[in-house]
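Shared between the two complexes below is chain A, which has chain B as its partner in the first and chain C in the second.
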Partner chain A sequence: MFDIIAPLFLEIHKTTGLNFVTFYDPYEYGRFISGAGKSLQLMLYTLCLSLIIGVLGAQAQTSKSKMLRGGVEIYVQAFRNTPVMIQLLFFYFAIGGIGPVIDAGGYYEPLIPAFGWAVIAIGLFGGAYNVEIFRSGIEAVPASTTQAAKSLGMNKWQVFSRITLPLAFRVSFPSLGTNLISLAKTTSFAYVIAVPEVTYMLNQIWADNVNVPEMIFLLFLFYFTVITALSIFLNWLESRITIPGVGK
Partner chain B sequence: MNIRSLENKRFVNLACKLSIFTAAIAVGHEAVASSKLDQIQEEGVIRVGVLDDFKPFSFRDTSGNMQGISVELAKDVANTLGVEFEPVVVTSANRMQFLDQGRIDLIIAGMSDRPERREKVGIIEPSYGASGPTLMAKEGVIETWEDISGKPVCGKQGAFYNSLIEREFGTTVVAFTGNAEAKAALRAGRCIAWLYDDAGIINTLVSEDWQGYEMPVDPKYVNPWAMAVLKDELESSYGTLVTGLAYRWHASGKIQELAKEWDLQATSWIDQMHDKMKQDTSYLEY
Partner chain C sequence: MSVTLFKNKENSPLTFVKAIFERKKWLLLFIVASLVTFYAVFMIYGLNKNLEVLIAWAPFVFKGFLLNLSMSFFSMIIATILGLLLGLALISKTRAITLPSRAVMNIFRNSPWLVVLFITMYLFPFEVHIFGERYAIPGWWKATIAFSLPVMANLGEIFRGAVLSIPKSQWESADSLGFNHLQTMRYIIIPQCVKRALPSWMNWYALLTLATPMASILGVQESVSNTRAAVESAGAGPDLLFPFYLFLLALFFIYIYPIALLTRAIERNYSFKNQ
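Showing the complex of A and B:
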């Protein structure tokens, strides 16, 4: 792949001065690809984590235990009322500093690396919004439906997993999709704790090669392409899961 | 009057207005195209891009004003031009862009003289300072540069030497947005050493917080820093004036004095430059 496009971009650089060094220099190409891969991994893990937290948190909000309800409320408020960059720095430096470490000869390999903290911080951030999104979906499920299910002898967990959640998911899908897209873009903040994702990598590349406009354009193009693909996937998913009469 | 002649009148009318307008622009442009030196003196202020928190070159005093060696040099440029000095805080990521955009007239921001940068901005020779990247680590952990192979070092995002060190020693530079974060990561033990300019490291080691840390190896790639103006201005009256000041600062010993005044530790390059630039005037004694 690289061998095919390298001569083209070298030619572009020579004739127009536009320096897309990531496509004609093998070292910079390697850095860009590794950064892009890391970004995609980060997006996948944070999206999944935030979904799991959203579902569990929404369920916890309906629980009888006051402590559990209060705990979720505190969590949602804490993560919605602070900026995500601050959360990243807090987790990596404040909490990460007191976590367990492994002696690696001259330095200490932390048990949770920067990538891990990024997944945790951004996942929790997205999860807080997802809890509220799922809650609005759950509340949209008619009480008569859940009562009918209970009267048929289903226990609380069966009602939740077989009746409430499928309906709530379809009702809240548009808001959920919007939040997931927003979360995918938020992963670019991970550069502040030196996660080698695409923003971090291109930052170093443009510092070395002084081609800021071209690399920023590439960064923009990367996010635009990935987020558009995610958006198309979510639209397809929405069309596949619609049940006539629900949410429309 | 028929439609045709009305249209013709309107056309001639428009053509006249357009040509007067264009002529006015051309004349106006002629009148406005003055030299950068004139522009700065007309405005009465020179904007100089300096780094923040870069002891002892440019850092803030207790009331928030910029002070330091770079600031003194910038003030000297302003005084020579007879204008006010306005410091503009820049970072290594945006200093050249600010110059391009006209937000600053001059860069005095610890910018290493590199070939890629010479293509983009007008580098003033002679340089006003120099440094090289080296390591700061806990005492006894590092003896030679090779000790960092395969281990992570903390650094600052955007430093030109990050990739060079990574490739030469097979290390990973874990780069943060600022030095404070990089040093915090070093203290938390997330890396074996902090990779930064010797000037910055010496400055850090002076403080009590970093007792038990050392600078065990010599700097690699000692690289002079340069002031910069727009590339087009390098040969103009403005660029020539700044060049002359840069020479004079070395020849007269002004930079040596400033180094002493602001307690700069690494001065061997400055002393060498003074010896090189100072004219041997022993012939005046014949």
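Showing the complex of A and C:
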């Protein structure tokens, strides 16, 4: 791939002066690809974690225990009403700083690296939104449906996992999709704790090569492509899983 | 033009304030929880002097926080004006206007805030020449413009949706009552749109305010930069970072949470009236 595009971009650089160094210099190409890979990885893990938190939190909010519901409510409000960037800084520097370290042969490394803290912090942030989204989905499931399931002899967990959740998931899917897309964009904040994802890598590259406009354009193009692909995928999924008569 | 949000007595602002006091228990719980965590950390490190350091530097951090707030105000004003124009362009009947405005909307809605911030910070001029005079543009002004762009795109979409959500029959009845286009807009459509778009507008204001700490990445002296400077001059250490960042989170929470509650109250007020 690199061998095919390299001469073309070198030619562009020579004739027009547009310095897309990431596409003709093998070292910078490697940096860009590793950053892009890290970003995609970060998005995948973050989205998965936020979905798990969303489902668990929404189920916890249906429980009878007032403590549990209050705890989830505090979590949701605390994460929704504070800046995600400071949350990242707080997790990585304040909590990670006093956390355990491991001996990495001569120097000490924190047990959870920056990437791990980024997944945790952004996942918790997105999860707080997902809890609310799933809860409204669960509320939309008619009581008669769950009563019917109970009368068929299902226990509480079976009712939740087989009846409530599949229906709630479909009802809340449109707003869930919007949140997942905005969460994928939020992963660029991992830049502030020096996770080597695409924003950080391209920042390094434009600092080394003094080609800010080209690299910012590339950064924009990367996110635009990923976000567009994600929204197309989510729209496709939405059209696949809709049950006629449920939701709309 | 006055828009009444709270028509009947049950939904008056006073009731809302009362409701906040009732719902304030979460806020109180959060503050208590923060204080307990503070205390635990101080006990772990046996460093009560951290609290003294925080109190000594709190005004400096708060000064930075005021810059965050002013950035959010100015940015919201710019975003609202541009968003209204974009919304009008989006509902225009001329394709030559709709297509480019839709492109602008999609570009700014689909790129992360950080990318927009980089674009404005690096690619906008750092000074302007007007009549031979040089005026430097301060970083926080550029950041303000950067924050207003994604919000503009989203508000444009919201305004478009609000205008389109008004039933066609309203236009027709206004027409039959002898209103011209401008009068219909002014007396019938816009008052209803304001009510419909207000919760989303407030929600976007909250999101915008929560995005302003990003300006610290590019050296604007706001709350996060000031916190870092304070921590460093007080002898950096994770035991200091913990209370400082928690203080910063609490500052934003205390400002944003009431806005979120008010947004929800207005939303509910509106949805009840429509049933």
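Methods note: the second predicted complex is superposed on the first by the 246 of 248 C-alpha atoms of A that agree within 3 Å, B and C clash if a C-alpha of one lies under 4 Å from a C-alpha of the other, contacts with A are read in each partner's own complex, and residues count from 1 in each chain.
In this text, a residue touches a chain if its C-beta (ideal position, glycine included) is under 8 Å from a C-beta of that chain, and two chains touch if they have at least 3 such contacts.
Values in this document were obtained by computation on a predicted structure and should not be read as measured data.
With both structures placed on the common chain, the touch criterion links A:Y223 to chain C but leaves chain B unconnected.
Of the two partner chains placed by the overlay, only chain B lies in contact with A:P110; chain C stays clear of it.
In the superposed model, A:N209 makes contact with chain B only, not with chain C.
Of the two partners chain B and chain C, more chain A residues are in touch with C. Of the two partner chains placed around the shared chain by superposition, chain B and chain C are both touched by A:F93. When the two complexes are overlaid on their common chain A, residue A:I102 makes contact with neither chain B nor chain C. Using the contact criterion defined above for the overlaid structures, shared-chain residue A:V192 touches chain B and also reaches chain C. After overlaying the two complexes on the shared chain, residue contacts for A:Y200 are found with chain B alone; chain C is out of touch. Judged by the touch definition given at the top, the superposed model places A:I4 against neither chain B nor chain C. In the superposition on the C-alpha atoms of chain A, the part of chain A touched by chain B in one complex and by chain C in the other spans residues 89, 93, 96-97, 191-192, 212.
Taken together, the chain C residues at the contact with chain A in this complex read 26, 29-30, 33, 41, 44, 107, 110-115, 118-119, 122-123, 206, 210-214, 217, 224, 237-239, 241-242, 244-246, 248-249, 252-253, 256-257, 260.
Of all residues in chain B, those touching chain A in their complex are 92-93, 96-97, 116-117, 119-120, 137-138, 141-142, 147, 151-152, 157-160, 162-163, 167, 174-177, 181, 184-185, 188-192. The touching residues of chain A, counted against chain C in their complex, run 70, 73-74, 77-78, 80-87, 89-90, 93-98, 185-186, 188-189, 191-192, 199, 212-213, 216, 219-220, 223-224, 227-228.
By the touch rule above, chain A contacts chain B in their complex via residues 27, 89, 93, 96-97, 101, 104-108, 110, 114, 191-194, 200, 203-204, 207-210, 212.
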